[in-house]
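The next part holds the structures, each set out as structure tokens.
Presented sequentially are two complexes of subunit A, the first with subunit B as partner and the second with subunit C.
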Partner chain A sequence: MASLAKIVIPNEKALTTRDNSRESRSRISSYSLALVTFLTALLIVGIIGTIVWKGAPSLTWEFLSQSPKANMSAGGIWPMIRGSLLLMGGTLLAVLPAGILGGIFLAEYAGRGRLARLMHACVTSLAGTPSIVFGLFGLAVFVLLLKWKFCLLAGWLTLAVFSLPTVVLTTETAIRSVPDSLIEGALSLGLSKWQTMWKVVLPNAMPGILSGLILTTGRAAGEAPPILLTAGIYYSTSKFELNSGMLFQPIENLPYHLAEGYRQGGVIPDRIVWGTCLSLMLFVLLLNIGAVIFRSRMRWKQLQH
Partner chain B sequence: MWGSVWYVRSDALRMRKLRLLDRGMEALVYIAGALIVLVVAAIFYYLVHESRPAFDRKFTYGFLFALQPSEGEFEKDLSYDPNASILTCNWEGDDALDSKEEGLPLGTLDSFKGISSLVTVAANGGSNGSQAAGNLYRDEWKGPQKAETAHDFVLYAFATPEYKSKTMFLAWDVHTGSNPSALPYNLKLELVGKPAGADLDFASIDLKLNPKGRIKIPTFIAATESDRIKGYRFRISAKSVSGTLAATLRNFFSTVWGPTIAHPSYGMIPLLLSTMLITFVAVALASPIAIASAVYLAEIAPTRLREILKPLIEMLASVPTIVLGYFGLMLLAPIVQKTIAQPLGLDSGRCLLTAALIMAVLIIPTILTLSEDALRSVPDYMRSGGEALGLTRKETLRKVILPAAKAGIISAIMLGVARALGETMIVWVLSGGTPKMPIASSLTEAAKSMVQPTRGIPDTIGIEMGNVTFGEQHYGHLFLLGLVLFVLTLLLNLTAFKFARRHEWRH
Partner chain C sequence: METTATLEGSISETHMSAKMPIVHVRQLSVSYGGVKALKEISIDIPKNAVTSLIGPSGCGKSTFLRTLNRMNDRITGFRCDGTVEVAGVNVYAKKVDMLSLRRRVGMVFQKANPFPMSVYENVAIGPKMHYGTKGAELDQIVEDSLRAAAIWNEVKDDYKRKSGLSLSGGQQQRLCIARMLAVRPEVILMDEPCSALDPVSTAKIEDLVIELKADHTVVIVTHNLQQAERISDQTAFFMFGELVEYAKSDILFNDAARRETQDYVSGRFG
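The block that comes next holds the complex of A and B.
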């Protein structure tokens, strides 16, 4: 016993000293990793904060509720905000059926075989396709082939195609996160597939699906290239009316306004540009935050039941 | 008893209804699934379909010819020489693209009386001298030519009796656009007839190799009207070397993008290179930062801290890229201008570097989120296995977890690359300049081309689509650019997908 202790003790000492140095080195590197992470977060918060700081002074009620005046050098940006909201709403409605059904397909019907792999490859690569390519597609099909010209409807459908893969993916995730026990329970009670889907799976997955929808279409409405090639107009002289006629008219909106304003040589004064930037950012950001809050509240409610 | 039968029947009905609903839903769901594949196919199809006008392309070239005196003053720039003959296709750029103009009929010899004049006259075809002297044209304007067609022009050269010198020069100036090698024609100047007794040893000259030059020829004087076509007769032949398809593709892979210059050229190489450079710099900057942060968030950070930091970083995804672009334009570009561009002798901060920096910020969250997912999907038993082997946390991380998550991290970087390749608005705002080839002849030149204004593929599509006529060659080429972008990102996405999938940890 004693001899064993003699053997063990020096070894243990050696081990612990080595361990200490190894451990301390590892701490140094983990501090540097932490530093990088904090700096990254700081950079991003800094960028967003700067945009807020620069744009906040011009963000008055008049700015948000008036039309541009004096060749964009004064007045507000209400028509652009209205246009962006319209674009987003229509896109959401257009992508909703195909997106949800596609998500159901991937989650429940595609299985795990070859077909599922092919579908996933399609969806993920479509989700990573540049938005300008969707713009070209919309231009070719809706604007030129169907001869709709630049109009709201073309913008809706283009943005719907653009956000389709992301909506499909978020829907799939939401449906997959519904516990199997619920589905098995429903099926074992003799519910048909449709009833299970309609009464059990979808209500449970709905918070995830809806927040994914809002998030995706909100981001899509902030994306300039698809709108640029299908629906945008810098300044519309015709009076806006909320009727079916608006479907076939181009529409003013925030990202297009910024892009075209830049292309036309910067007639918009800096103050208004910052204000427009901030409005566009808040437009998307608030929708995102809203979606997140919406989801967590729905989850909370479901838990309480 | 009846009640129970009724019950059974209604139940059967109900079951049938339910089964129908099942079928209906199944059909709808399958249609939606098919729709996704259809969208991919349709995008591909329409990009190809709409780029057809690019292959229906007409190529332009033009000549200036003049006889010049061998003594005394003469105009070196042929386009200012009043006696020069123009044989041209689309001399004036886009405006004259489809207008075919005939030349002015040449006046009689009497109209040259009293002037010491050297005249070259162009005539279309008729190389065997069948041209009547009265039908000579001073200038011959032609519409743009298709690559498959071959063309002959005949040039008559004579001097009026007032010209005294023994020799004269035939000078020429060929315009084939900024990129002569892209012109799908061989251009040749041949001597097909000379006046009796003239001492001239000359066979033919390749005008593409010698776009500017002159040769000395003995003077020929046209004394009478009919003499004018009996003197020197040159033939300029434009022979096509390839069909329109090959010619368009060759031009597409050349180094000059100039759709609005006199002889339009659609070489996408400079656009592709600057897109790739921006992407490379952005990914090189962003991926170490993103991966380090991902390692920290996934492996080291306490859960509560992670739940604050991760959403903060991912918040950037909801800043529209045009806003990021403006941020770079208004705040970063002036800094780059003062610290880097001006010391190098350039005056704008809107350059490749600024675009790459903003692009790096854009793709940090993309790479971070995906590589964090990859790290977190490494099963816990590998971590505990590492610890059980007596490794420290750092060693476990480096030798066990990182190798296990390698595939996922690489695919995250690939997706970052795809994102940066296709980003339009940042480059639109930040590098709005002329498309130029980056130079890498020396280190300072390379540094200079990093801060020079450039243009990438996606923003070129966006910017120029506003100025094109739909259905014409420029339009077609923009769709061709879109196709290149689509195929590139598709390949990247598919590779990343396959990569991540093959090495996925299954629980």
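The block that comes next holds the complex of A and C.
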């Protein structure tokens, strides 16, 4: 015991004398951190503030629920909102099975060998690849090679391919964060690896998996480049119908509308462009809030029953 | 080291014949990535009895426990030599059915690990997955298991709705015992099941362990020497990956043959 006491007590001088240079250095670093944080916050508030300031006046019920009128110079943006919702819903369904299976594979079956690390590196770099690259991929494969032309289906699949790496990674993280004690508990009962995955790991990881899925596809639905090259249309005069025919029709949507709004230079009034911008921001914001509420409700249910 | 592999002399002949070994281990050595954790352990653990494994931290007692149901397999670099037989199953044979082995050898962990589902579902999952049990029969198994784990009275009103996670620590541990009992294991491995519990909960688990030995064989790792003496029929003392001494508990705690054991149980080190 005597030797133990000697080890535990550190250099007494270090505890009693004040180390001035170290303290001032730590003060400087905390001030500069605060400054950077403040500037970042200012930037975000500035961007959001501008959009809200300029977009809010046009954000009326009519604006959200009506079609454009008078050659886009008046009316609302309902077809674009509808298109974005459709794009996102289809993307979500398309990416769900592949994303979850990929995440399960990386987390539980790939192991930690060289091949697994390589796959991981590939998925991670794909997740960081600019969306325009996926747009070109969609253009080459779905629009040109498969001859689907610009259509909703091509948009779905392009956005799904774009979201896939991120969904795989968020799923993998959600699965890896399931406590090992639960997995050991299931295995010790004699459950097979697959039963353990299906009955214990996945239900536990599900809140994380689904919220990752919603956030990722929500972000994807806000991306203009992939849609620009595969599915987007400025304005369709044909009547929209919710049936299988829509799959091979191009579709209006918020980010494309916004991009075109500026490219056309003055055809669409600024008022409508800013309104669209705010709507797109709210669209993504609502999805994020929805995902957070959804996740905490699921967690709460698991705890309380 | 020539270890006392069986309980020679310490248990009477009649006693021995009534309690045939259900765990039979010979020359077991275990290493993790080349680091030896267990060195040539040979031990027989009798049926329908409680056997404690004691020793300082890192002595290999948990490693030993987890070789009995192959829970160490998940650790990378794990390697083992020697023979391990549990309930007639050659545990490390190439073709062993791991799932049926683990069904016959249940385990309770240091930290209670109920699944995030209802108390009922926690207990029902084993029989459902293994035997496809359902309906009234499953209800009965769940109730019996909860009763056997002495938690029925505390949860009977809302056990189909209440989440296993909303129970107290001691209740969670008994729920885990019920969950394990529901698959009807022959051997029960307990890895410091009381280390995170208060004295009242600990006493409940100890009573439970003593009741369980009527139909099960219990092997329990514990740091609580009084607990080992109270509940176990025999005790094995591990140190530095070796089995130093193995004897009936009252002998090991009061009249140990080896100096290291005497020092440890009297609190002179460890």
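Basically, the second predicted complex is superposed on the first by the 277 of 305 C-alpha atoms of A that agree within 3 Å, B and C clash if a C-alpha of one lies under 4 Å from a C-alpha of the other, contacts with A are read in each partner's own complex, and residues count from 1 in each chain.
Everything that follows uses one rule, which is that a residue touches a chain if its C-beta (ideal position, glycine included) is under 8 Å from a C-beta of that chain, and two chains touch if they have at least 3 such contacts.
Quantities reported herein were computed from a predicted structural model and do not represent experimental measurements.
Undergrad: According to the stated criteria, A:302 is in contact with first (subunit B), second (subunit C), both, or neither; which is it?
TA: Second partner only.
Undergrad: Tell me which partner A:45 touches in the superposition: subunit B (first), subunit C (second), both or neither.
TA: So A:45 only meets subunit B here.
Undergrad: Using the touch criterion from the header, give the chain among subunit B and subunit C with more contacted residues in subunit A.
TA: B
Undergrad: Where does A:203 make contact in the superposed view: on subunit B (first), on subunit C (second), on both, or on neither?
TA: The second partner, subunit C, only.
Undergrad: Could you tell me if A:188 is touching subunit B, subunit C, both of them or neither one (first, second, both, neither)?
TA: So A:188 only meets subunit C here.
Undergrad: Answer with first, second, both or neither: which of subunit B and subunit C does A:69 touch in the superposed model?
TA: It touches nothing on subunit B or subunit C.
Undergrad: Name the residues of subunit A shared by its contacts with subunit B and its contacts with subunit C.
TA: The overlap between the subunit B and subunit C interfaces on subunit A comprises residues 192, 195.
Undergrad: Sort out for me which residues of subunit C touch subunit A in the complex.
TA: So the residues of subunit C in touch with subunit A come to 69, 71, 74, 76, 99-103, 106-107, 109, 111, 113-118, 125-126, 129-130, 161-163, 165-166, 176, 179-180, 183.
Undergrad: Name, in rising order, each residue of subunit A that touches subunit B in their complex.
TA: 19, 22-23, 25-26, 29-30, 32-34, 36-38, 40-41, 43-45, 47-48, 50-51, 54, 97-98, 101-102, 104-106, 108-110, 117-137, 139-141, 144-145, 161, 164-165, 168, 192-195, 197, 218-219, 222-225, 228-229, 255, 258-259, 262-263, 270, 273-274, 277, 280-281, 284-285, 287-288
Undergrad: List the residues on subunit A that touch subunit C in their complex, please.
TA: Within the complex, subunit A touches subunit C at residues 112, 179, 181-182, 184-192, 195, 199-200, 203-204, 302-305.
Undergrad: Can you check the complex and tell me which residues of subunit B touch subunit A?
TA: That would be residues 18-19, 21-22, 24-26, 28-33, 35-37, 39-40, 42-43, 46-47, 49-50, 289-290, 292-293, 295-297, 300-301, 309, 312-313, 315-324, 326-327, 329-331, 361, 364-365, 368, 392-395, 415, 418-419, 421-425, 428-429, 432, 458, 461-463, 465-466, 470-471, 478-479, 482, 485-486, 489-490, 492-494, 496-498, 501 of subunit B.
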